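Letters are used for the chains, namely A, B, C, D, E and F, taken in the order the chains are written, and counting of residues starts over at 1 for each.
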Amino acid sequence: MSKPYKRILLTGAGGNLGRRLRERLHDFADIVRLADVADIGPAGPNEEVVQCDLADRAQVMRMCEGVDAVLHFGGVSTEVEFAPIMQANILGMVNLYEAVHKLGIRRVVFASSNHTMGMYETSQRVDAGMLPRADGYYGLSKVWGENLSRYYWDRFGVETVCIRIGYCFPEPVTHRQMVTWLSLDDLVELLRRALVTPRVGHTIAFGVSDNPGRWWDDREARHLAFQAGDSSARFTVDGGQPFAYPPEDDLSTFLQGGAFVTTGPKYPQ
Amino acid sequence: MSKPYKRILLTGAGGNLGRRLRERLHDFADIVRLADVADIGPAGPNEEVVQCDLADRAQVMRMCEGVDAVLHFGGVSTEVEFAPIMQANILGMVNLYEAVHKLGIRRVVFASSNHTMGMYETSQRVDAGMLPRADGYYGLSKVWGENLSRYYWDRFGVETVCIRIGYCFPEPVTHRQMVTWLSLDDLVELLRRALVTPRVGHTIAFGVSDNPGRWWDDREARHLAFQAGDSSARFTVDGGQPFAYPPEDDLSTFLQGGAFVTTGPKYPQ
Amino acid sequence: MSKPYKRILLTGAGGNLGRRLRERLHDFADIVRLADVADIGPAGPNEEVVQCDLADRAQVMRMCEGVDAVLHFGGVSTEVEFAPIMQANILGMVNLYEAVHKLGIRRVVFASSNHTMGMYETSQRVDAGMLPRADGYYGLSKVWGENLSRYYWDRFGVETVCIRIGYCFPEPVTHRQMVTWLSLDDLVELLRRALVTPRVGHTIAFGVSDNPGRWWDDREARHLAFQAGDSSARFTVDGGQPFAYPPEDDLSTFLQGGAFVTTGPKYPQ
Amino acid sequence: MSKPYKRILLTGAGGNLGRRLRERLHDFADIVRLADVADIGPAGPNEEVVQCDLADRAQVMRMCEGVDAVLHFGGVSTEVEFAPIMQANILGMVNLYEAVHKLGIRRVVFASSNHTMGMYETSQRVDAGMLPRADGYYGLSKVWGENLSRYYWDRFGVETVCIRIGYCFPEPVTHRQMVTWLSLDDLVELLRRALVTPRVGHTIAFGVSDNPGRWWDDREARHLAFQAGDSSARFTVDGGQPFAYPPEDDLSTFLQGGAFVTTGPKYPQ
Amino acid sequence: MSKPYKRILLTGAGGNLGRRLRERLHDFADIVRLADVADIGPAGPNEEVVQCDLADRAQVMRMCEGVDAVLHFGGVSTEVEFAPIMQANILGMVNLYEAVHKLGIRRVVFASSNHTMGMYETSQRVDAGMLPRADGYYGLSKVWGENLSRYYWDRFGVETVCIRIGYCFPEPVTHRQMVTWLSLDDLVELLRRALVTPRVGHTIAFGVSDNPGRWWDDREARHLAFQAGDSSARFTVDGGQPFAYPPEDDLSTFLQGGAFVTTGPKYPQ
Amino acid sequence: MSKPYKRILLTGAGGNLGRRLRERLHDFADIVRLADVADIGPAGPNEEVVQCDLADRAQVMRMCEGVDAVLHFGGVSTEVEFAPIMQANILGMVNLYEAVHKLGIRRVVFASSNHTMGMYETSQRVDAGMLPRADGYYGLSKVWGENLSRYYWDRFGVETVCIRIGYCFPEPVTHRQMVTWLSLDDLVELLRRALVTPRVGHTIAFGVSDNPGRWWDDREARHLAFQAGDSSARFTVDGGQPFAYPPEDDLSTFLQGGAFVTTGPKYPQ
């Protein structure tokens, strides 16, 4: 059967999520182009492999040539010092959208992060119409990406779905992981919806499974028709250990960003 | 078993929805009075048939005599030139509510339309607290009906449930039809809830099944306790053809009104 | 000095407001075309006079030919039975906008009314983002006009400023008149701003002077830069008579529409 | 298996809800201390019994000693004259929070009531961000408790979950009971979530099962991760009798408080 | 000239504000009845004096007999232990409204306080639609009064204007006093507006002069038509001393309640 | 007389605004340190001069040593290609806040821009609670600064006032300049208020004089007590030329960003 797109590009293909997504993307396109800053080995059937430093404009332009849609999972994905975040997540985004716009690529799915909103409290309901409150340089760089893509929609008509991805690992353990969990299947389904909804304009969606008590209200992304198939309800918090009151000064339980809110930002000495 | 009402009136009984609803209404009343501007043939058991031009006040008054509740599906139901819309949907509504008020009928269910909001974008969430943005003369006439019935509630205590009906045909095919689909069973259930909720005041409800990605948030009508039993998820969009990007200038995919946004209004030459 | 427009059209030129506005409009255009359903006598210098029944499409088209902007004050301006309201205010508006659109006229200023919102309570703050709650057929016809003009903006790019005019007579006496008063000077200034603001899109503004305690919050029309120069503060309520508690059942003091809320629609017998 | 708390206190243990909850609380703590103003008989296994008048500060202090969390169901639970409500629900709450604060108890679950919002209309959607509109002295005393506990959170960091309990009896019969029903199982589950969510700050939650048409939107308490397991949909309203229009002057069907709105405060003669 | 009311009652006539208001009230009524728990000396011309303990229902009933409107400034007006606050401000309010309702008095002006909202931050804008966040027992008792009076409006049609009075002393000195200042003239004008606006329903107004930087948005009370004539701009903050950064742990500069937020409830030992 | 601060730092002292502000800052501090990337000549009395490249962390640290408050006007101030914007406005901001935080400086005033919101329409009211919609790389870099400073407040307690500066040149000429004008006197007054308000937390204020029709609602910054003393009302739009309809395709009149919205990002070839 024919597929929605001829060629899609996955950046960050060598990263944690990229590796898990790789085999799942073939439903979306005849050819899946895989890009990473590192060498990720040879291409498989119906695959192309490109090595690319996002901070290098010419490389980014080449990476995007011939592509119909981009799944942008590349860049730095954790809280580190600012220099690499700036190169990959800030300059890299500019290079990517410059290429996308110049080449006439019409849609991008951008792997944003819940750390764009990490300074909201865990007893607050958050939606995409609220102002960002990032919890570190990493989160701030994701807010940059959301705003940049908004600009390319307002000005040039490039469509983007920003997905504020939750805790996307196989098994959630802590309360925070349970609340923010996104199963791989649900991520794939959300990517599918982001790719085949006829018009998305600039949409900010929360990437989260149907977990009890999730903090994020996805009302601004209903038109994507994403319906989570998984829920963290089938896991047991803290391996079944009884509830223990968190220490009064444990910021990581007060704020949605969890451990990020106390680690970030890292100043090199 | 006894039924909620003794006699209810269905206007527009000869129309597309009227014909499909006819047999389903007997649960709601001992007698179902069927009205249409055209001859719809003889009455069946527990039925009465009235031929009535909504623009004729005296006929409307006779049509309503002895009735306990009205299901108003009559009038023009598509985008045509203004004259017949004015006669049937604007003057006709005034005649109807004048009769309802004078005769002491306490509740009306009014078949409004999603075309009251057709100029909102397909990536916007719409609810009944937002200002109408109709997509043509037909949609504007439905907004007229909603506002008129609001007045009769504020001023005279006549209760109305306005149902902004979606795509109410047996099988949705396109993306827009999938998003806006209302199954006949769900319409009947919504009518039932509109008839037996003790107090409805003036309620604007969206008539839509439990479809993925539906644009309409029915928060202002929760008290009706309508729960859709159907979903368009069981259909396949475009008969399973792969996703194709709509042309950049295709307004009918940007705006919720679909094809209506480019056809309407029709000026006779 | 040259003027903003070459030719503007004032409809309803023979009405109460029309007569008072006539001499004030010459600042806005080289030629002021005056239209009314009745004979309003001969044209003065730089004036043209047209007799026109708004319900007659061909007459309306001729009335609008060669015009650069329209000040639409024509139609029925009080609560009467429905038939004349429908002809002048509903069909008349459709005829006008059909002509405006076909002739490429780019801007209309529409004399709407506070009776679009008359069923809100006198202790409520009202703004243009709230749903209309008209207080009779007249108010409903003005809501029709607002929605119709919204449609012509959304669909065809015709710009309209709807002015919800308050109590526009020389001297306010009652509390309600004091709260809703609009001086003629302020109306003229508001017309001027509606005519010379570069972009107005579809704007709903409240036509009210800078009165203490006014119910209407004009936040949605700030871009017009209207600044009232008058205030009812210089008048004395009820001629200085001491405060008297209104009777408990006096709806006209509870609801913003005042006396309109109880006269309601007039049914001919 | 070990339990979330060592010792929890249930006040109002001899009341209607207290008696039904008693056996269900042992999952939450090693020891359940039961308090009531009346003699409730001997303690069972893992139970302690305390007789306590909430209006007596010293007794309240003793009642709370050694406790890890409080489920406060004590006080007057229906509309009576003001004196006993003031003693038990107003002074009693102050005494309780003074004790809780002084003893360093970190969390309270407070049995508030839907009668805090009883004067909203039955066709209105209500959430915890809206201003209270109590329907009598009882409801007002519950608003007092909500505000007092908010203060102890803002000022002293005592966490409270206020549960606005609906109709919590075994079988709902009337429309209002169907809409507001809270099953005992769901109440227990809500208590569990209120006890084991790591941070609750000051949360106002609606205690209601997953009933069709429920008036209350629990959006402000999503972080509790409460998911109702029951629904009144399995009951039949009014024993299956057909719908009958309520009398036009029946306030108890217009307002959410039901019969409370007309019994109102009881003035002793 | 005749006056708005025949007889008004001022409670708390011996208090700080009561004494300053006494001579200013004669414009509002032919007879001013002055009440206080203490002996305030003899009545002057057109005055009546009543000694009354608000906690005594019979005394309150007598105090209110023959009165047309009440200005309720009585009760405890600062943060003290709970017992006297409960007697005067909670029980006292119940006694007052019981009397007002039974005697058919139609309007009350209630001296509420900004300490109903004292726990909001000084960089937050506060309006009357936001949930109260009191800063102590005193503030909580004022919230009680606001909610109680709301109930008497919803249920019995007694009208109340609650005035959240700011810093009402002759000369503001500190930043907080400058922001929250209410001149006596402005208080009198606000009382006048509260007394002569035809319908007030239940209104919560902020009593504050036209000070730069005031935290309170009085949008919900615009219909009172209060226009402050004074402003703290004519005073000099801190006697002209240069700005000094407040200590980082000085809660009284972070929270609107000022010093109240740290004195908090006084527990007798 | 003593002054609010001992030493304040002005960055961008050689820029357009910096030069005009220089002499006006001496009221705020005993010593004004002036910094710029270029050589700005010798220091005057009570001045210090520092040459500093914002992209150089060590230089920025030295620039900030001994400073009590920062007025950050440095960086690129117009739409150019991305590389210099990234160095000065993105990396520069990170370097600045790192220094501010490490050195314990408690307050920054950040010269943000109205181009953070330039893609909103000219008929829309904009406030600081709405999501940014920048009109180019420059505007995006200012959004970056606002979000970064928000983070330093949430995480480290560094206070910032972000001022979205309008058209700050001596004389406005076009409609857009009239609407967005900020006089130098008003800018100085706004700086003063930003410096001497005891607590500002993280505040986003619009820097605009009291112009008729201004698009920006400064409700989120009321606590600064800024009161504009100037207004563009005293200027004449377009030198008094009559109103001329802008061309239908002139985006710069539809969108608040004006000419910026079409120059957009400049891609070097």
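Assume a contact is a pair of C-beta atoms (placed from the backbone, for glycine too) under 8 Å apart; a residue touches a chain by one contact, two chains touch by 3 or more.
Every value quoted in this text rests on a predicted model; they were computed, and no experiment measured them.
Colleague: Kindly point out which of B-D, D-E or C-F repeats the B-C interface, defined as over half of the contact pairs being the same residue numbers.
Modeller: Same contacts by residue number as B-C, out of B-D, D-E or C-F: D-E.
Colleague: Averaged over CA atoms, how far is the centre of chain A from the centre of chain F? Could you give it in whole Å?
Modeller: 32
Colleague: How many angstrom lie between the centres of chain B and chain F, each centre taken as the mean Cα position?
Modeller: Centre-to-centre distance between chain B and chain F: 53 Å.
Colleague: Using Cα averages as centroids, what's the distance between chain A and chain D in whole Å?
Modeller: So the centroids are 41 Å from each other.
Colleague: Among the residues of chain B, which ones contact at least 2 other chains?
Modeller: Chain B, residues with two or more chain partners: not present.
Colleague: Could you list each pair of chains that touch one another?
Modeller: Contacting pairs: A-B, A-D, A-F, B-C, B-D, C-E, C-F, D-E, E-F.
Colleague: Can you name the residues of chain E that touch chain D in the complex?
Modeller: These residues of chain E touch chain D: 82, 86, 90-91, 94, 98, 102, 119, 129, 131-137, 139-140, 143-144, 147-148, 150-151, 154-155, 261, 264-265, 267.
Colleague: Where on chain C does chain E make contact in their complex?
Modeller: Residue positions touching the partner: 121-125, 175, 179, 211-215, 217, 240-243, 245-246, 248, 253-254.
Colleague: Within their complex, state which residues of chain C touch chain F.
Modeller: Contacts found on chain C: 1-5, 106-107, 157, 193, 195-201, 203, 219-220, 222-227.
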